[in-house]
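Labels for the chains are A, B, C and D, by order of writing; each one numbers its residues from 1.
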Amino acid sequence: MNSESTLVGRTRARPGAFGFLTDTTLCIGCKACEVACKQWNQLPMDDFGFTGMSYDNTGDLGATTWRHVAFIERVADRQGRRPTRLQPFQSHWLMLSDVCKHCVNAGCMEACPTGAIIRTEFDTVVIQQDVCNGCGYCVPACPFGVPALSPLDGKAHKCTLCYDRLKDGLEPACSKACPTDAIQFGPVHALMDRAKARVAELQAQGVDARIYGDEALGGTGGIGGLNAFFILTAPPEVYNLPAAPELPQRRVLPAFLTTALAALVLGVATLLSFWRTKEVRHG
Amino acid sequence: MPGLGARLGRGGATTTLASLAESDCIVIMGSNMAENHPVGFRFVVKARERGARIIHVDPRFSRTSALADLHVPIRPGSDLVFLGALVNYVLNSERWNSDPFFREYVLHYTNASVLVSPDFRDTEDLAGVFSGYDPQQHRYDPSSWQYAGRVQPLDGERWPCRPRIEPERDPTLQHPNCALQVVKRHFARYTPELVEQACGVPRDLFVEVADTILANSGRDRTTAFCYAVAWTQHTIGTQIISCCALLQLLLGNIGRPGGGILALRGHATIQGSTDIPTLFDLLPGYLKMPQAIPQHATLADYFAHERPATGLWYDMPKFLISLLKAWYGDAATPENDFAYEFLPKIGGDYSFQSILTMMKDGIIKGLFVMGMNPAVGGQNARLARQALANLDWLVVRDVHEIETASFWYDAPEVRSGEVRPQDIKTEVFFLPAAIAAEKDGTFTNTHRLVQWHDKAVDPPGDARSEAHFVFQLGQRLKELYAGDESPAGRQIAALTWDYPTVGPHQELDLMAVAREISGYRVSDGRPVAGFQELADDGSTACGCWIYSGIVTPEGEHRAKRRRGDDRASLDWGFAWPANRRILYNRASADPQGRPWSERKKWIWWDPEQQRWVGYDVPDFPASKPPDYQPPPGARGLEAHPGTAPFIMMLDGQGWLFVPRGLLDGPLPTHYEPWETPVTNPLYPAQPRSPVAPVFLRPDNPYHEIGDPRYPYVITTYRLTEHHTAGGMSRWVPWLAELQPAGFVELSPELARELGITTGDWVVVETARGCAEARALVTERVQPLVIAGRTVHVIGMPWHFGFGGLATGGIANELAALVKDPNSLIHEAKSFTCTIRKGRLQEGVVR
Amino acid sequence: MQLLQGLRNHIGLVPNPVSQATRQARSRIRGAEVSISVCPYCAVGCSQLVYTKDGRILDIEGNYESPINGGTLCPKGAATWQLIHSPLRELRVKYRAPYSDHWEERSLDWAMERIAQLVKQTRDATFVHRDENGLVVNRTLGIAHLGGATLDNEENYLIKKLFTGGLGIVAVENQARI
Amino acid sequence: MAELRRWQHRRAPGEPVSAETRESYYGLPVIHGPHWRWPIVFYFVLGGLAGGSAVLAAAARLVGGRWARSVVRIGRYLAFLAVLPGPLLLIVDLGRPERFHHMLRVVKLRSPMSVGVWGLVGFTASAFLNALWQAAEDGLLGRRGVVRCIRRLPDRGLAAMSLLPAFFLAGYTGVLLGATAVPLWARNALRLGPLFLCSALSSAAAALSLLVGSGPDVQRVRRALERVEQVALVGELALLEAVQRGSGDVVGRPITVGLEGRAYAGARASAGLALGLHLLARVVPRRCRTVLRVLAALVAFGGAFLLRAAMVFGGRCSAEDPRATFVMTRGERH
């Protein structure tokens, strides 16, 4: 087991992997990423309504929403006092643009029984729409609740990290649109270095900043880090992100072993019962 | 716009968005920049990354506040107290009085040293009004506000102009009547204590803001102010803005990189539609629309009354006569005053709100609406719809079937059965409009930058550009009036209206219009290089002198230039005037013409070349040396010394004291909003603006001050996800889903009192009407303690209406018709209301 | 050999079987024509790239070259494509007769002619050459115009020129007033 | 938002929206739950029955004497018949049924579903061969040459061969659930396989003991089946208890309260009851025994069904509960 410190900022991303750095401290919650994504990928409007969840009327990533901006109000303290002197950059009204994490080891991909979900040459995780048959196993297999089945075409959908754009050397739609560069696209290792520097700089200014998506936080439990990672200023669960998720397929082998063991026991019992059962004497 | 214009010379933003990145401190007040100008806000974030301090003064904690270092919650409508207190704090601060920079800047670049007429009386002396107030007419006679000095008439002019004034000055700035001392006395009572009492801002917080601004202004540092309509939309909006200009002049922040005042505007070319105004009181280039008064009877009269002897406006005849040539061509001759008589003369106030009442009162019978949605965006929306229903005919041009087009069958009162379509006589035409990507043309952005947009495709179906519509309409009308010798017939006949057309829809060639706007020599049609080439003898034509030269003599449209760089980007688009990016940038150098500091250098005097050089186009005669002194009797710009950055002003200086140009006083004074729960702590006898135009009519009732039936302050605003009255966003699925319904933001404190839960339906009510919305209970809104009592604030986005995908109660149902006397802009940022849990009858809001 | 490779791509702990469609995937704007536009929403003036193929707009995104937006857009700007292709966008002339309770379809030409007639009628009925003080005013108060801040400068110019300069319509206003 | 599934969301007058983000993000789920419903429940039950029957048939064939042939015969037929609807149920459940064959595009050892598909194929094949041999043996296929060839197949070999896929089919579904982010399943990843195995065997034994009907050795057969059933039931009971305890209050909530909770309790009760009835059957007069045994079998079978339903639907609830996910994913930092 590695100690915390060696895991911080560490990712097992392959060389040449591309991803996102989403820096919440620069995010103004404008939702340009949501719309730019829908525009490029031509995703339809969701079934919508007023949620009253601050300014989040999207709620969740889904089959037709591949970027989702979460809004968490932390304006007043428990006594209801509002602050006036604020910490540098985003504070007191937390906004995070959530997206598929493109895990280094992806639960959805390992679960997919058809091979529809693949790892591309950019080390991103993509659902091949010509293959997916909508079995839906990737949906609960994702520790972050990213893929979802679409009622429109019955297939699973999620962020492709604009695979088609990357193929033509174009930047993904969301990071390109982001007005404040809160979403940055690039080689994962370069982004991770940038993130570490940024976090250090923020901490020097007294901001409780942290990276979400290294092997210490978010990219844990065999996931090996997230190619789309984040800089947060609050515990991840505040943003509806699991702190230490686990790669579900880690449990496959142990589970098969216990099952086999049970099979052995029951098998022996069954054999015995047919071998040893004696004739029943009447009277 | 007059707010900046009266003190600096031009109404436009003095700086650019990009320049914000060089600020050391950015004060965002009267604006929710991150939400309404997200892309502009990236320069604020850049500045923050470079260590700048970001201060947001706003009643609500918004997405802008979230990125700020200081959030200062302030009572809506008390901004001027806050700004006035800043002025007072600065004037009495140790730094301001000890650092020579401030004295040097103020002494040379402002009118601090001029002596004000001894007849002038301040509001402090007259319990809330300035001298010259006529309580019957609710108007000011500004004669007592003038400079003390010699008045000398000018002669030997081709066109007459106003006499020239030689003001007396006191370079020591000690004379009790010098502008600086007058200002000092005027603001003496604007103390941190008053701020706490009137704005609800804790004393120490105010002091921190003041110290931060002061510490970040000076020779080597600059502070910028960003404002938007939350300053404009008050009965004293112009004065709030002008108070900011006054403050920035005192701090030496005007005309310098990272300084200045950035007006953040809401529509693609709202700046352009003011420069080339679809406004009743202006002609292109901020020339005054002639009025039906003897002083404007003839062209000469007009100049004698409007044309100053000094400053750039001395050239007014060149601009106006070139405009007349552009409009009336050969029909405009020296003999007939260049067809001046064809220019209609205005006889009153025909601004937006008055138009609504004139429609309702049957004076206006036909209306064109192009890309606007008054049924939602008009204050007292019910009255606005009644006005529409009283028209003979209505032409609406838009991309979606907006409320203004559908009111006759879809309005709340129609749905509720109160009114039946069969009772509405209006003949309605809806014409589908084209969108920017479907037409050639230019927009002028918030910092005066004119940019060309290419036509990518032809508009679909019957959709056409406004250019197409207006051109076709003009042609048909010219035919209809052919041979008509009546004055009406002669007027339209005189108009030049022959433009080449292109494309399948006979769209007219926009370049031809652009050339006319830019100006050309009448003899051979060659484009002029700039307004310096315009003449007052009819030999040149120019549709808008401040855009003059936008088409080069070679025929290139400079708004099509697209070579940016990381400084002024002089080759990206064209910024009026004459492609100057930071206005009054002469002030970025000291009186001797040297940069104030290496860090803040922008333009400076180069003794070798004997001209002004630098990163920007000098907003100053390029070869006028810093030590130039005007000869006696000099006129126009010749009359300005080499140290006068404000070339549009009479004396070339920024005005701390405004002798002319403002209708509600030479100095900013705090008056309460027309509807307010509290009284005016400064002038109990004169709580509200003495000259605010009001509409006293039964269909536009007002709330008394402190009316117990309407105890809460309401402020209206916009959201990132929507655009103005929603015509371009509430019908667009990707935007509609992000903010799908109208809502009201209120504090948990108030919600607890009223038992309101997030998601509940609530009804907000004023004497004008009521609007239904969903409740959002949030700590981002907070009650303020004003003069010892708690004042609750309610916030309501005004985007929503009954049409489109994202619907909601119309906030403007609640607002009243009442406005600022200078800009004639309404007051929607602060009025009073009440709110209750529940709904209006079903169906009123989908 | 290739077969082996194929097998390896389909059998294993976590095989990675890339489909033909995935191999051929390309961005839809490859080879499209680009025209440069300006965002029609707020006044920041973001430069937009409009990608078209055979007369159809495929995509609208920010222009990296712009010193203002440097490729970025806000949600409204990013929705410009849908503003143009909105399912609710009106593409036909609609006419509502006085006291009628329904829209009627009319041709653009008919509407233009009818509007021109109405303008002349109203103008002739309300045109004032000299006001009560005998001053020449050459104006009509009978017709008004609203809007302009969302149009082009050239269009504002034409509106002001025709309506005010040519027809004497003085009640011409836009959003700058609100 | 109609689409949003809030977890026990309550709002109070005057409560600021910030209060809704203290425990969780507005009570919204962290993960997406599975879409699985009744088709999958039935597939699980039938899969278990098929697997179990095949195991029993094989065991009976391998070590049981002639007396156990009824189990072999019925077991083989039942295994084959019970597995037949399986693929159909799975295909019906697909978002794009016409693409069911894409399942055979890869063999992915890390994916229980991929492995499961191949296991299902293998089992169906072996079940078919076993049933075919049995049919030939029973003369259901007449006396043609082909049939003679079939009968030459090594009967014991077929039986032995069927054991592995049989156990696999009976148990892999538990592993499949365990290899997800659904808290209830993930927490019990190691228990679900064995649990499903036990209930598969108990339900199969119960089914067979009902079907063996009458015959010379029926008593002996019944006893043998009962032994198996009882062992399985004991294991099932133990595992049910372990799952409940192991899940804890938050993660275990779905199998404690609500409809799923009742189903789970029902599963446990019926296992216990079935066991009890068998024990009772030993002491009561002979004529009552049959009734009790029939009863016990029915109860056990029903229990197997309730168990699958409780786990599938319980998993759906579990996925909706953000707190359950957080409990499952608490790192050192929390």
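Here is the rule we go by: contacts are C-beta pairs under 8 Å (C-beta built on N, C-alpha and C of every residue); 3 or more make two chains touch, one makes a residue touch a chain.
What you are looking at is a predicted structure, and each value in this text was computed from that prediction instead of being measured.
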Worksheet item: Which one chain sits nearest the middle, judging by mean Cα positions?
Response: C
Discussion item. Counting C-beta pairs in contact, which chain pair has more, B-D or C-D?
Written reply: B-D
Worksheet item: Taking each chain's centre as its mean C-alpha position, how far apart are subunit B and subunit D in Å?
Response: 73
Fill in: Interchain centroid distance [CA atoms averaged], subunit C/subunit D, Å
60
Discussion item. So the centre of each chain is just the mean of its C-alpha atoms; given that, what is the distance between subunit A and subunit D in Å?
Written reply: 31
Worksheet item: Between subunit B and subunit C, what is the separation of their C-alpha centroids in Å?
Response: 24
Worksheet item: Considering subunit A alone, which of its residues make contact with at least two other chains?
Response: 30-32, 34-35, 39, 46, 48-50, 52, 54, 57, 73, 75-76, 110, 115, 131, 179, 181
Fill in: For subunit B, residues contacting two or more additional chains
38-39, 42, 720-721, 733-735, 738, 748-749, 758-759, 776, 778-779, 805
Practice prompt. Can you tell me which residues of subunit D touch two or more of the remaining chains?
Written response: 11, 16-18, 105-106, 108, 110-111
Worksheet entry | Contact footprint of subunit C on subunit D as seen in their complex | 105-111
Response to the item:
subunit D partner, complex, touching residues on subunit C are 10-15, 17
Discussion item. With touch defined as at the start, can you tell me which subunit A residues reach subunit D in the complex?
Written reply: 4, 46-54, 56-57, 59-60, 62, 70, 72-76, 107, 110-116, 131-137, 139-150, 153-156, 216-217, 220, 235, 237-246, 248-249, 251-252, 254-256, 258-263, 265-267, 269-275, 277-280
Worksheet item: Okay, in this complex, where on subunit A does subunit B touch?
Response: 26, 28-32, 34-35, 38-39, 44-46, 48-50, 52, 54-55, 57-58, 73, 75-76, 80, 82-86, 88-93, 95, 179-181
Response to the item:
In the complex, subunit B touches subunit A at residues 34-35, 38-39, 41-42, 45, 48, 61, 63-73, 202, 205, 208, 719-721, 733-741, 743, 748-749, 758-759, 774-776, 778-780, 782, 805
